[in-house]
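A short write-up of the structure that comes next.
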Amino acid sequence: MSILDFIIFLPLAAAIAIGFGLPARRTALAAAGLNLLLGFIALARFGNHDPASGPAFAASRTVSQNPEIAWAVGLDGMSLVLLLLTVLVTFAALWQAATPKDNVRLFYISLLLISAGSLGAFLTTDLFFLYAFHELALIPTFLLIGIFGKGDRRAAAWKITIYLAAGSLVLLAGLLLLVISLGQGGVLTFDLAALAQRAAAQPIGASSQSLIYLLLLIGFGTLVSLFPLHSWAAPAYASAPTPAVMLHAGVLKKFGLYGLLRLSPLLPAGAERWLSLLLILLLGNILFVGLVTLSQKRLDSMLAHSSVMHMGYIFLGIAAFQPGHTLGATGAVLLMFAHGLSIALLFALAGRLEDKLGTLDMTKLGGLGKITPRFAFLFGLAAFASIGLPGFANFTGEILVFLGGFQSHEPGAPLGGLQIATILAVWGVVISAVYMLRAYRAIFLGELTESNATASLTDLTLSQKLPAGLLAAGLLAIGIYPWFLQRFLQF
Amino acid sequence: MLLFYLFALIALLFGAGVVVNRNPVSSALCLVMSFVGLAALFIQLDAFLIGIVQILVYAGAVMVLFLFIIMLLDLRSETRRRINLLAWIGGAGVTAAFVLLLFTALKDFEGEHFPALRPDIAASLRAENLPPDASSTDSALLALSAGRLPDVHLTGETLFTRSALPLQIVGVLLLVATVGVVVLSKRRLT
Amino acid sequence: MPALNDYLLVSGLLFAIGLAGVILRRNIIIIFMSLELMLNGANLSLVAFSRYRLVNGLPDYNAQALVFFIITVAAAEVAVGLAIIVALYRARKTTHVEDINSMHY
Amino acid sequence: MPAHCLEACVIVLGLILLLLEAFLPKPRRRLIALTAIAGLGAVLVALFFVDRSPESSASLGAYYVVDPPALFFKGLALLATMLVLVMSLDYASVIRSYLQTDEAEPDAGLGEFFCLPLFTCAGLMWMASARDLVAIFVSLELVTISFYVLVAYMRRNIGSLEAGVKYLILGALSTGFFVYGVAWLYGLTGHTDLLRIAEALRPSETATVASSAGLVFALGLLLSGLGFKIAAVPFQIWVPDVYQGAPTPVTAYLSVASKAAGFIVTLRILEPFLQSPVARQAILVLLVLSAASILFGNLCAIPQTNVKRLLAYSSIAHAGFLLLAVASVRSNSGESGGITAGAAISFYLAAYLLMTLLVFLVVTLVRSRTGGEDLSAFDGLGKRSPFLAFALLVGMISLAGVPLTAGFLGKFYVFLLALEARYYTLIAIAALGAAAGFYYYFKILRSVYWERATDESPLSVPLLTRCAMTALIAAIFILGVYPQPVLSIFE
Amino acid sequence: MDPAWFLLLLPLLAAAVIILFTRKWKTLSSAISVGSAAAAFLISLSLLGSDDEKILHFRWMEIGDLRIDIGILLDGLSRSMLFTVTTVGLLIHIYSLGYMKNDEGKSRYFAGLSLFMFSMTGIVLAENFIMMFIFWELVGASSYILIGHWFTRNPPVEAAKKAFITNRIGDFGFLVGILLIWSLTGSLAFSGIEEGLPAAAAYPSALGVAVLCLFCGAVGKSAQLPLHVWLPDAMEGPTPVSALIHAATMVAAGVYMLARIGFLLAAAPSAVLIAWIGALTALFAAVVATQQDDIKRILAYSTLSQLGYMIMAAGLLATQAAMFHLFTHAFFKALLFLGAGAVIHACRHEQNIWKMGGLRKTMPLTFVTFAIGTAALAAVPYVTSGFFSKEYILDAAWSQENRALFWIAALVAFLTPFYMTRLLLVAFFGRPRSRPVEQAREVPLVMALPLLLLAVPSIAIAWFSGLLDWIQIPRPEHHTTHPMVLTVSILALLGGAGLAFLFYRERDSEPFRAGPIADKFYFDELYDGLVRHVQGGLASLSAFLDRSVIDGIAVKGIGRIAAGTGYLLRLIQVGNIQAYAFLFGMGVVLTIFLLLAL
């Protein structure tokens, strides 16, 4: 058993234990806390690991011989970063969770399952389980939004479930086609390393690559709310209970990007074939959804759209990822980490706000900074982080992504699609500044509105600050000293 | 040849009668006649046992059952409900299409003529497979050697040797049918 | 003597007549009779084939055994079927197919 | 012990129980069911120890072959029958209310309800071993006729009777076509043993079959008969009504055992055709049937509100997926490798058995406790009985094909096969169908978890049922991640 | 560890300590902040006097062969700029002690100041473009915090937002420029870029575009046309902030950046465009300043105008002149702002000069220092530092034969004394025109001291060439100044001041009002309209498309089609056995037909 097995199965075990009657909140928190600890132990021990010797803490157990499927885990730089993201956000989300009146067990079990699903997907080195574990989170999301959500929760839960299920079917087709195309000697394998080797030794034909990459792009793209496959995200995030949206927007959504980053080196011709399409779509995320975000009146809805918008940057990093040109990929991973923490933080704070005020309509809020300065401060940190202010991890990711866009550009050559897209994407930074500052100004600054003046709003207590502080600390740490994590990212 | 056409015509015409007749009793009687014609065709094809069974089981038992039920339920001819034109067109269309397809398929068997029986070949083969001391007492062998077709013997032999397993399964099937009929028809015991 | 095709044609027509009866008639008992017609049509084919496909100079008794089984099965089917029809009649006082469509779509 | 003793044991068990029922004074009906379950369990155990050499049953020729699929399907039949009997115990109260026999003896007629499935089971086991048209016909009819009785069993219930009549008429119709097809196939080849038929049909210089018209005619007729058993479009027409009207355990039995047996027979009968000159047409038609079934089943299930009817459509859809695997039989012996179609279909059917029976166990319990089979009867089940709700959840996600469940792996293998065979259109249709599947399976979960019950009293679950459900849930998950035990049977 | 690191990190540490720990103890917070500023000042002094070039590295990221450092580049340019920043910074920290004495958010204010000091030093010390961009943005953020210090009132909050977003627009260009330069020269570090320049010079147009993009950053930060709109609004912030950030240091960062990349400007054919933008800004702002009534706004426009000068100089490749003007301007403009702050403070936050008057008597010290600042700004010959630096710029324009630019600059040199004299006459002479002004009293020592300290360099600093050399400020050689330049500038000064004297002596209200000028040529209105209608319209349109087309037609449509097909298809299951039999038969026929047909 590898430490990674423990990390994956701990939330599962906790979920089962809660099902059998252990106290829900305490068990869940204990598991999350322990996982946080294990995550950092893994980080500490990973430091001595030589990347040339394959993934660290690898362990494997065959579950099917042909097609060759194994329960295999392993840690490399990219999964390490996402592991840290997951354990951090999980802990914060569970801590932050307000225990519901009914169905308490179901609530915590679902949250733990989302966490376990993400961990499994990020830590396994087998394509089958990579896919399978992500899907594990589908049901908890359905339950969490449908039972514990707010607003138009049913429609939202319904949409996200069906949409993501459909998207993952496309993804499945792509993955299977990939595996089949890389079949050798009558053996199909789902082992990522073996697939990479086979792809390197004998690349897939260009037309197959093209088809596979398109399927993967649509499949993963749906899961990551790539324009125009994004319309599930905003309603779901606006309706989901706070810890659920923290986990989903913060962690789970990164799965599609992670998968694309893992697999696109296997399909260089496919990636090249669809580069322009990807660029157009990601600009759709950044510019079009960015504009949509501008017109949102409710904070939760705005945050949800902004989360969709920011996916565009990560996609840009992936688009810039070519053999030998790894800035984009590195930036994408850092950005995943950063976006995960910042959006979780923002949603956590927004959730707290709604609990207290009963509304997130920005036209009805105002001047809260006077009553709750600590809250406003934390929210400001998160807002600035999310618009990519230097000093926060988001900036490190974004700047690398932008650099990545120009990495392959020959001096003096006319600007290619990638470069033009990068420049347009940089403009998105302005858009996000506009809506974020507008929201911050509408809620926290200016004159206190009457409805808020009467609300029983109190500032954060220490215990409430803890999860937010944890996330903010993560953002700042990587923002100030990115080398700490970036050194692990080898592509 | 003539007999064939006669019997075929009987089978088909009375078969059609089943479908066309409004009165269930007439239909049932038509069915009996059709089966009789069929049985005659079987016999013409040297399947004597089956011909007889056909008459015994179908014309005898099954039809009696049908008539019994018709009487029991006191069914009259179908009252003239509105004729469902669509159903008629559809039914006729499907049937016609089926017949057309049948004709296409029948081309495969064009020109296969009635082969003569060769009891002698069978007899010699049978003699080879039998233990020498049994050959004199085996009635089928004797009949075959005499150029006759011991139809009942051979059918029975097949049923109880090679097809023993299906036969047993059919036995179970009959048991199930019996139990089922009993259960389904059981009345309230008062 | 008639050719194989002639028998097959008769058998096929018998089968088709049965099919037509099943589709056209509304009385369940008559539908059931038509089903018997279809089975008998199939039987005729089998017997004809067994006579035309001689094995060692004799008709193929395997096929005849199958005919045997079909007749038996058909009889059992009739028994069970009529029992169901009687039960239905007791419950609904009808043997018309149009009256039994409480479940649809 | 030769394998054919197994059927004999089952028959003897059935006879003994029938005699007990008939002649013992006031027999305890429950005892009959429990004895039957125990007896079948013993046979199931014995299945693992029988002589598996083909010679052991050589005297029975093609009427009874012992090969891995046969043994596997015998096991499935036994398992399904046991679980159906468990279900029947829960359903007894409903049956009783529609028999209205004797007030002094309220259980009269129940004994037969528990005994008949034993004979059906024997028929199914014989079907699994039959490689001869005669044996196939008689065992098929044994199953069919016992189902006529079982479907119409509640003779005071209009629905049950109506279902019985519909099943009877259409079943007999399909038998007619099947028999006619058998006659033609026999006429073309002169054999009833499928191995011999295959030899006769194999394209060679000494081919005995001249033209393909007759062959195709025979194939079409046979497919019609088989299509009825496996509930494939356009022969699915009976399925919704019969599933809805029949007693719930019988519905479950129909949808699981009858379909499974239908598929093994289909595989055996199609084998000669797939090596014949008409293989291309056969596969194309299979694909058309598959596509039609997937689309029809999945789309029509969407508007359903009666759970049994919904499951009927779902059963059609699953038949479509299985047919897709059947159509991939020939082309998957290619060089890239992977799973064989036979193994894939068997696995799918095993998974289908587990999840369908689990769902029907819940439906049965809910029906006998609340008296309803509509979606609304499931409202608030999550509160009334978390265990039942969870069982239903597992069943539904497995049916929908959420990863880490057996149902997913079933679909996974089918997709793999179809992709290897390059049936891209079919894959697209299948993906569409699977996505629609999410829609209606989750519709049930929506009632269970999102809605409030009108009556919030908790539902009790009998111990035996609880054990059965737990075992099924465990099996679904174990097979979902560890398929190798089942797959090794076929290697 | 090199002391330069402490210089960079101490203010950050101070900000962090205040935010995390000492927010409740306001005095302690302010002390920490002032202490850090003082320490920074001392360290920057200690760095002076050596003219070796020193580069310090700290690995921030390293991907493949690209290494991005947080690095410190110590050379003449950065040392002198550092001196300017820390000196003015320290003085303004001290001044703030008085100005913000009773403010509720004093801790927050000082944390913001420290954060600003950190960011500004970061820009100055930056060794590469990424680091410069990081601090560039951080400066924007701290400016946001400080402008919006009084966040419970709407105008400062709006101004802060406007400042940040406008800067972001500039930063967009800056970042694109960085990317272009990186792809052209293969390096992000200034030294590396200089090395790669010869190769990049093969693509002059690309280089020109890249440099213009970089210049966009300066346009935003130094509030050049057309991104100047934020600076006047930024005057909503506390006055010391206006002095420090929006007059002396941050807005000069654009100029500093241009100076830093002077070698690039020299190689790029587009530099003259930069000069033109600077000149036009200078002229535009000077014109607008003549019609403003708010004392801080006048100064703000004057800052714009002076920044325009500097940019023009940089565009004319006279980066030394630009830096020298930056240096002198920092002192006298800070002085002017602090003086204005003193006035505002004394007049209970009255900012309209037409409501002031007669302050000469009540606030003599302030008056004197303010007058010194005015003189410096108006470039009184040979006395003030402003004269030398402005001469330097005018001379650069003249000597480069760019007469158009020269005459524009001369016109600005005429307008500057005009509006400053107007300000001085209206605010300090005549009689008080409102009650708070009558009751105005001289400011306390803690505020007066910085005024005095700043007045000294405003006059004297240009006299001490040795001092200038020590600070490593580039110094003009007087004798090279063209007589024509001298003549024109003296005439402009006399003309401007005289004209203002004529118009505004003893006036109680504006004698004539030029609408467009007073309304800043309607830039704000134009931008408001753009934001509201173009951006707002696009946003609404996108939202509409998102809802109706993408979600409505595509997503829901597919769902409806599927469900609808299901509804229709299931109608086949009519429930009638006859129909079922028919359909079954059809199925058989179709299957066989298909098999035959295929």
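Brief remarks follow.
In this document, chain identifiers A, B, C, D and E correspond to the written order of the chains, with residue numbering beginning at 1 in each.
What we mean here is this: a contact is a pair of C-beta atoms (placed from the backbone, for glycine too) under 8 Å apart; a residue touches a chain by one contact, two chains touch by 3 or more.
Predicted model, so just to flag it, every value in this text is computed and none were measured.
Common neighbours of chain A and chain D under the contact definition above: E. Of the two chain pairs shown, B-E and D-E, the one joined by more C-beta contacts is D-E.
Averaging Cα atoms per chain gives one point for each, and the point farthest from that of chain B is the centre of E. With centres taken as mean C-alpha coordinates, the chain found closest to the middle of all protein C-alpha atoms is A. Look at where the CA atoms of chain A average out and do the same for chain B: the two points lie 71 Å apart. Chain centres here are Cα averages; for chain B and chain C they lie 9 Å apart. Averaging C-alpha coordinates per chain places the centre of chain C 26 Å away from that of chain D. Chain B and chain D, compared by their mean Cα positions, are separated by 31 Å.
The set of chain D residues that touch two or more partner chains comprises 134, 137-138, 141, 145, 148-149, 152, 155, 165-166, 169, 173, 184, 187, 213, 216-217, 220, 240-241, 439. Counting partners per residue, chain C has 8, 18-19, 22-26, 28, 31-32, 43, 48, 52, 62, 65, 69, 73, 76-77, 80, 84-85, 87, 98, 100-105 as the residues that reach two or more other chains. Shown for chain E are the residues in touch with two or more other chains, namely 559, 570, 573, 575, 577-578, 581-582, 585-586, 588, 592, 596. Remark: the chains found to touch one another pair up as A-D, A-E, B-C, B-D, B-E, C-D, C-E, D-E. Every residue of chain E that touches chain B in the complex is listed here, in rising order: 578-579, 582, 585-586, 588-589, 592-593, 596. Contact residues of chain B toward chain E in the complex are 84, 87, 90-91, 94-95, 97-98, 101, 104. The part of chain A that touches chain E in the complex is made up of residues 159, 162-163, 228, 230-232, 288-289, 291-292, 294-296, 326-327, 330, 367, 369-370, 377, 384, 389-391, 395-396, 399-400, 402-403, 405-407, 409-412, 419, 422-423, 426-427, 429-430, 433-434, 437-438, 441, 444-448, 481-483, 486-487, 489.
Looking at the complex, you find that chain E touches chain A at residues 19, 59-64, 66, 130, 133-135, 137-138, 141, 144, 148, 151-154, 157-158, 161, 164-165, 168-169, 171-172, 175-176, 179-180, 182-186, 199-200, 202-203, 206, 535-536, 538-543, 545-546, 550-551, 554-555, 559.
Partner chain A is touched in their complex by these residues of chain D: 335-339, 382-383, 386, 390, 393, 397, 400, 402-404, 408, 412, 415-416, 419-420, 427, 431, 434-435, 438-439, 442, 445-446, 449-450, 481-484, 487-488, 491.
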